Amino acid sequence: MASTSGWSHVLEQVKTWARANSPWLVHFNTGSCNGCDIEVLAVLTPRYDLERFGVKLKASPRHADVLVATGPVTRQARERLLQVYAQMSEPKFVVAVGSCALSGGAFRGCYNHMNGIDQVIPVNAYIPGCPPRPEAIIDGVVKLVSSLKASVAAAPASEAAPSGGPDA
Amino acid sequence: MEPRSETERFTVPIGPQHPALKEPGHFRISVEGEIVTQAAVRLGYAHRGIEKGAEGRNWIRNQYLVERICGICSHIHATAYCLGVERLAKVEVPPRAQVIRVLVAELERIHSHLLWIGVAGHEAGFDTLFMYSWRDREAIMDVLEALTGNRVNYSANVLGGVKCDVDDALRDTILRTVDGLEKRTEHYLRVVTTDALFLQRTRGIGVMTRAQAEVLGAVGPTARASGVERDVRVEAPYAAYPSFPVRIVTDTRGDLEARVVVRVRELFECYRLVREILDHMPPGELHGRMPRRIPEGETISRVEAPRGELFYFLKSNGSDTPERVRVRTPTVCNMTSVVRLVVGHQLADVPMILAGIDPCFSCNDRVIDVERKGRAAEQWTWEQLRAYGVDTYHGHRP
Amino acid sequence: MDTVRNFFALVLFPSGLFLLAASLIYEWVDRKLLAQFQNRIGPRWFQPFADVVKLLSKEEVVPRGGSSALFLGLPVIGLAAALTAALYVPLAGLAPSFSFTGDLIVTIYLLSVLTLCMGLAGSNTIGRFSLVGATRTLTQLFSYEAPFLLALLGPALVAGSWQISEISQYAQSHWLILTQPIGFIVAVIGLMGKLELPPFDAPEAETEIVAGALTEYSGRGLALFRLGKGVEMVIGLTLVAAFFLGGVATPLLFLVKTLGLLVVVAGLQALLARLRIDQTVGLWWRYGVLLVFVQWLLIVVLREVRL
Amino acid sequence: MRLGAMLGDILPSLFRAPVTELYPFTRREPPTRLRGLLHWDRESCTGCGMCATDCPSQAIELFTYDKKAKRFVFELHVDRCTFCGQCAVSCRQGSLALTKGNWELAAFDRGTLDLHFGEKEDVDRVLRGDLPQAAPTAEPAGG
Amino acid sequence: MPSPEQILQIVSELAASWTWKMETRQPEPNRIDVVLPSPADLVPFVVGLRVQRLGYLSTITGLDPGVDSGHLELLYHFCPGPAVINLRLTVPRDGARVPTLTEIIPSAESAEREVREMFGVTFDGLRNADPLYLPDDWPAGVYPLRKDFDGNGRLKLA
C-alpha cells in the first residue's frame, strides 16, 4: 500500500509542479472600464513579460486554467461569465482584478451590476487596485501559483476530482 | 459548412485580446445579395448605470465615478466634469491648474494612441507591432505615474483645480521621454504606411467620404481621417487650449489606413504641445476654493477625448448632489456612424471596418444578425462573416 | 534480432521518446527566439514540458454533438503518423533507420496526416469556431502541400532517386541551396505553412476564431496535438536542412543546421503580419507553384547543358 | 510597399538584452507619488468623518468612541478602495496619506481586505458589532 | 465657422421669425436655449438649423424635474463650432410621443433609443426597437433615469 500511495504522491507532486509552472490565462471583461484590461495585457508586453512564468493568454476558456475577470459583472454580462466559467476544465482558478471586480469599486450600489465577481462565481485570488499596477497583478498571479504548490502538498485532492478525471 | 441552409445562432468572441474595447456591441445587419442594406448596434454589456448613480452621490464623489467610465480616457472625463461644475459654481481656476490639466490630457492622448496602434496591429495579427508599441508606451505610463501617482486612472483633477504639480525633475523626464517617443513614432509612421501585409488589411478598407462623415456624425480621428475639421480643442477651446493653439491633423482618403495615419500624426502634435506647455508653465497655486453646494443652474461641457468629442450636460438644484449628469461618449457616435457606413459595403469587409475605428467596447462579444430577404434573421459570428468574405474572394459564391 | 532493433528505433531512439524530447526543446527554442525578437525574455527551458504535463493532467471535456470515439482517437492517430514519419528521416545526423525507394513521398504524406486529423477534429463538433477553423486548416493544407512537395522533389531530381537517404547522401557533397535557391525559399515558406506558423496562422487566429480547430479540445487531446505539431517541426526542419543545407552527416551538423534554419523561421514569424486565409491561398497558388516550376525548368535545362 | 517594415526592430533586439524587468526578484523603486495603501494618523485625526462622506466607493468607515481621547476606529475596506486620494484632499487635518510603499495587496480571502486601525479594545468592540450610537457613516441602503 | 455671437444671433432670429414667437434664453455667453412650444415644431426647426449649417446634433438629454411636476423635458443639444443651441421640449410624463430625427440626422438614433429606454418617451418613426443599454431581461415599463426609480436601491429583478 505504501508504495502505491508513495507513487501517487510523486505523481501528484509532478502534476502540481506542471500546473504551477504553466498557468494559462483567459481574460474576461464583465463590464469594466478597460483600465484593468489594459494592465492585464500590459503584463504580457516586453517590460513585464509573464511568459517567463509560463503564462500564456489563451482565447478559449477550454484551454485555460486561470480566469482573469475584471469589471463589476453587469447584468447583461452575468450569464456569459457563468458560461465561460463552466467551459473551463478542472482544476480552474479565478482571479478578480481591480476594485470593480472585488466590490463594484466606484460603481458600488449602481443598478444593473452585481457589485463584484464573487457574487457570481467563486474567486480564488483578489487583486485590489484601480487599476492595480502590472507588478501588482504579477504579484497576485505569483501568490496564486505558490499557494497552489502549498495547497496540494497539504491536501492531495483539493476538490472532489470529477469521476471522469484523467487520473481517476 | 453551410451557414445559410439552417438558421444557427453564432456568438463572436472579439475576445479578450481586444483591450481597447469598452462596451461590447451587438450588430444587426441585413443583407441583399452581397450588399449590406441595413445595420444597427446594441450596446449594454458594460452599462453600469452611471448616470443614475451620479444622482445619488455628492459632487466630489461624482468626479471619481465619472472618471471611471472609460479607463483609457479617464482624465478627459474628469476634466470635462470639473470644468462644468466650476462653471456652475462660477469658481476661478488658477491658470497653472488649467495648464496642468491640458498637459495630463495630452499625455493621456499619447498613451491612448500608442495603445491603439498596438491593438490595430494585434487585430491584424501583427504581434510584433503590438509588443513594440506597448513597450514604448511604458515610457509615457511611467511619466504619468510619476506625475499623478497612478498609471491609468490619474485622478489628477480635483474640483477647482488639480492635485499634482510639475517640478523641474519631472519636467526633464517628460521632455526626455517625449524626445525618445518622437523618434519611435516616426518609425511607426513608416511601418504603418509601408508594411505590405499591414496595408493589405487597411488600405482602401471601410472608406468614409467627407459627406458621409458629416451626415453620420462621426467624431474625432475617425471623422478627421475623412477630411472633417472637427476638433473641440480648436472649435471651442477649453481649459488652457486658447493659449496653446492646436493644429488639426486631417487626411482625405477616409479609409482605415487614413485613420491609423491621423492618429500617428496626432501623436506628433501632442509631443509639440507637451513641449510648448512645459516651456510656458505659469506660476501660481494649484486649486481655488470650491463650495460643497453648487448653485442652481445648467451647463454644457465639451472636450476632445482621444476618440472624439465628449459631451457633458450638468444640472444642479443648489444641493450638494447633482440633479442630472448626462454623458455622451465619442464611441457611441463613431459606432453609430460606422454602422451606418457599413450599409452599402461588401459584407466581407464589415469586420475590419468595425474594428478599425478604435471602438471602445468591453471585450465580451459581438453578435451580428444577418437578415436575408424572406428568411428568418440569422445570427452570424464575426468569424463566420470573415469566412463568408473568404468565399466571396474565392468567387465560388453559391 | 531485427524486431528488437525496429522496436528500439520506433520507441526509443530516432523516433519515440527522443523525438518527443527533441520536439519539446525545439518548441522552446522557437518560442524563446520569437520572444527575443520581440525584445522580451520568453519562457524557461522546461516550459513546453510543463505545458504538456499540465495538459495531460487536466480534465478532458468531451463535447456533445460529435462522435466521442473520433474526438478521442484523432489526436492519437495524428501523433502516431507524425512519429512514424520520423523513421525515414536522417534524424540526429544518423542514417534513417528505414528507407526504401520512394520513402520521400510517404514521409511527406505522413506529415500531412496530422493536419488532416486536425481538420477532421474541427468539423467533428458543433462549435462554430472549430468548424471555421477546420475549413481554414484544410484550405491551407491544399494550398501549401503541392508547392512544398515539388520544392522537395527538386533535390530528388538532381540526386536521381526518391530515397531520402540517397538524396541526403548526395546533398552532403553539393550545397543544393546554391544551385536551387528558389526551391529552398519555397521549401522554407511551405514548411511554415504546414506548421501554421504566423504569417500563415489564420487557421488558429486568436483574435478571430479563438483557437480554430482545437477550440473544443482541452487536456489530453490538446497535448497530443501540440506534441504532434512539435514533432512535425523537427522532421520538417531536418528534411529541409538535409536536402538544401549540405546534408546532416554528424549530430553536431544536424544541430547547427536545424537550429540555424529555426532562427530564420522564427525571424519570419516575428516579422510578418498574419495573412488572411484568402491571401495565403492566393499567394501559394499564384507564386508558390510558379516558382517551383521555374526551379524545375532550371534543373532540367542545367542538367541537359552539363550532360 | 515593402515586406517586413519591422526588420529594423527585431534584428538588433536579437543581440540586445530584453527590456523585461524580473519583477518579483528585482524590484523597481516606485515613484514618490504612487498612490498605494491608505495610512491614517490617529493623533491628528478629529473624527469629523469628511473622508468617509467624500470617499467615492464608501471604503472608509469611522467610529468615534471618544473624541477628546482620540478613541477612533478607522475601518478601511481595501477591496472597495479605488486609491483615488480624495480622502487625503478632503481631510483638513492632513492625517490621511496614500503611501507609496505598500501596493502588493493581493489576497485570497476578501475578509482579510477589511483593515481596522485604532486602539486594540476599540477595534474588538467594532468587530463585536458594539458600534458607537452616532455612527456618522451609516452605510446608505444597499451600499 | 461664424463666431458664437453671430450663431446666437442667427438662431434667435430664426426662433423669432417662427409663426408664433418662441421664447429664447441666453444663460451663458456661448449658449442659447430655444423653448419649443410643441413636438410638432421639432422637425421643421431642426431642418431650419441644418439649412443654416448649424445642425450638428451632439446628443439628446432627458430630464425628469420630479414626479409631481407631471412632465418630462427633452433637450436637443446642437453644437456647431463654439456655440451650443439647446432645443427644450416639455412632454407629458406618460405616453409622450415625439417625432424622430433619424430621417434628417441619422446619428440621432442612439440618443433617441437611450432616451426611450431610460425615460419612456416614444419616438414616432424610430425603426430600431431593441434597447441600447439596458439588459434583455429588464422589465418593461421600468425607466431607470426617472426620479421615482430608486437608483441606489437593489431593484430585485428576476
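Should a chain be cited, it is by its letter among A, B, C, D and E, assigned in written order, with residues numbered from 1 in that chain.
The criterion applied here is as follows: a contact is a pair of C-beta atoms (placed from the backbone, for glycine too) under 8 Å apart; a residue touches a chain by one contact, two chains touch by 3 or more.
Bear in mind the structure is a predicted one, so any value in this text is a computation, not a measurement.
Farthest from chain A, judged by the mean position of CA atoms in each chain, is E. When each chain is reduced to the average of its Cα atoms, C sits farthest from chain D. Averaged C-alpha coordinates put the centre of chain C at 63 Å from the centre of chain E. Remark: chain B and chain D have CA centroids separated by 29 Å (rounded to whole angstrom). Inter-chain spacing, taken between the CA centroids of chain C and chain D, is 53 Å. Among the residues of chain D, those touching two or more other chains are numbered 3-4, 6, 9-10, 18-20, 22, 56-57, 82-84, 140, 142-143. Within chain C, contacts with two or more other chains are made by residues 35, 37-42, 129, 206-207, 210, 270-272. Within chain E, residues 134-135, 144, 149, 151-154 each touch two or more of the remaining chains.
Note for the complex: chain A touches chain B at residues 26-42, 45-47, 57, 59, 71-72, 74, 76-77, 80, 100, 105-107, 109-113, 130-131, 133. Against chain C, the residues of chain B that register as touching in their complex are 1, 8, 10-11, 13-15, 17-18, 121-129, 131-132, 135, 195, 197-198, 200-201, 381-384, 386-387, 389-390, 393-394.
Chain A meets chain E in the complex at residues 74-76, 109-112.
The part of chain A that touches chain D in the complex is made up of residues 46-49, 52, 99, 102-106, 108-109, 116, 118, 123-130, 132-133, 135-136, 138-140, 142-144, 147. Residues 1-6, 8-10, 19, 31-35, 53-57, 82-86, 89-90, 98, 140 of chain D are the ones touching chain B in the complex.
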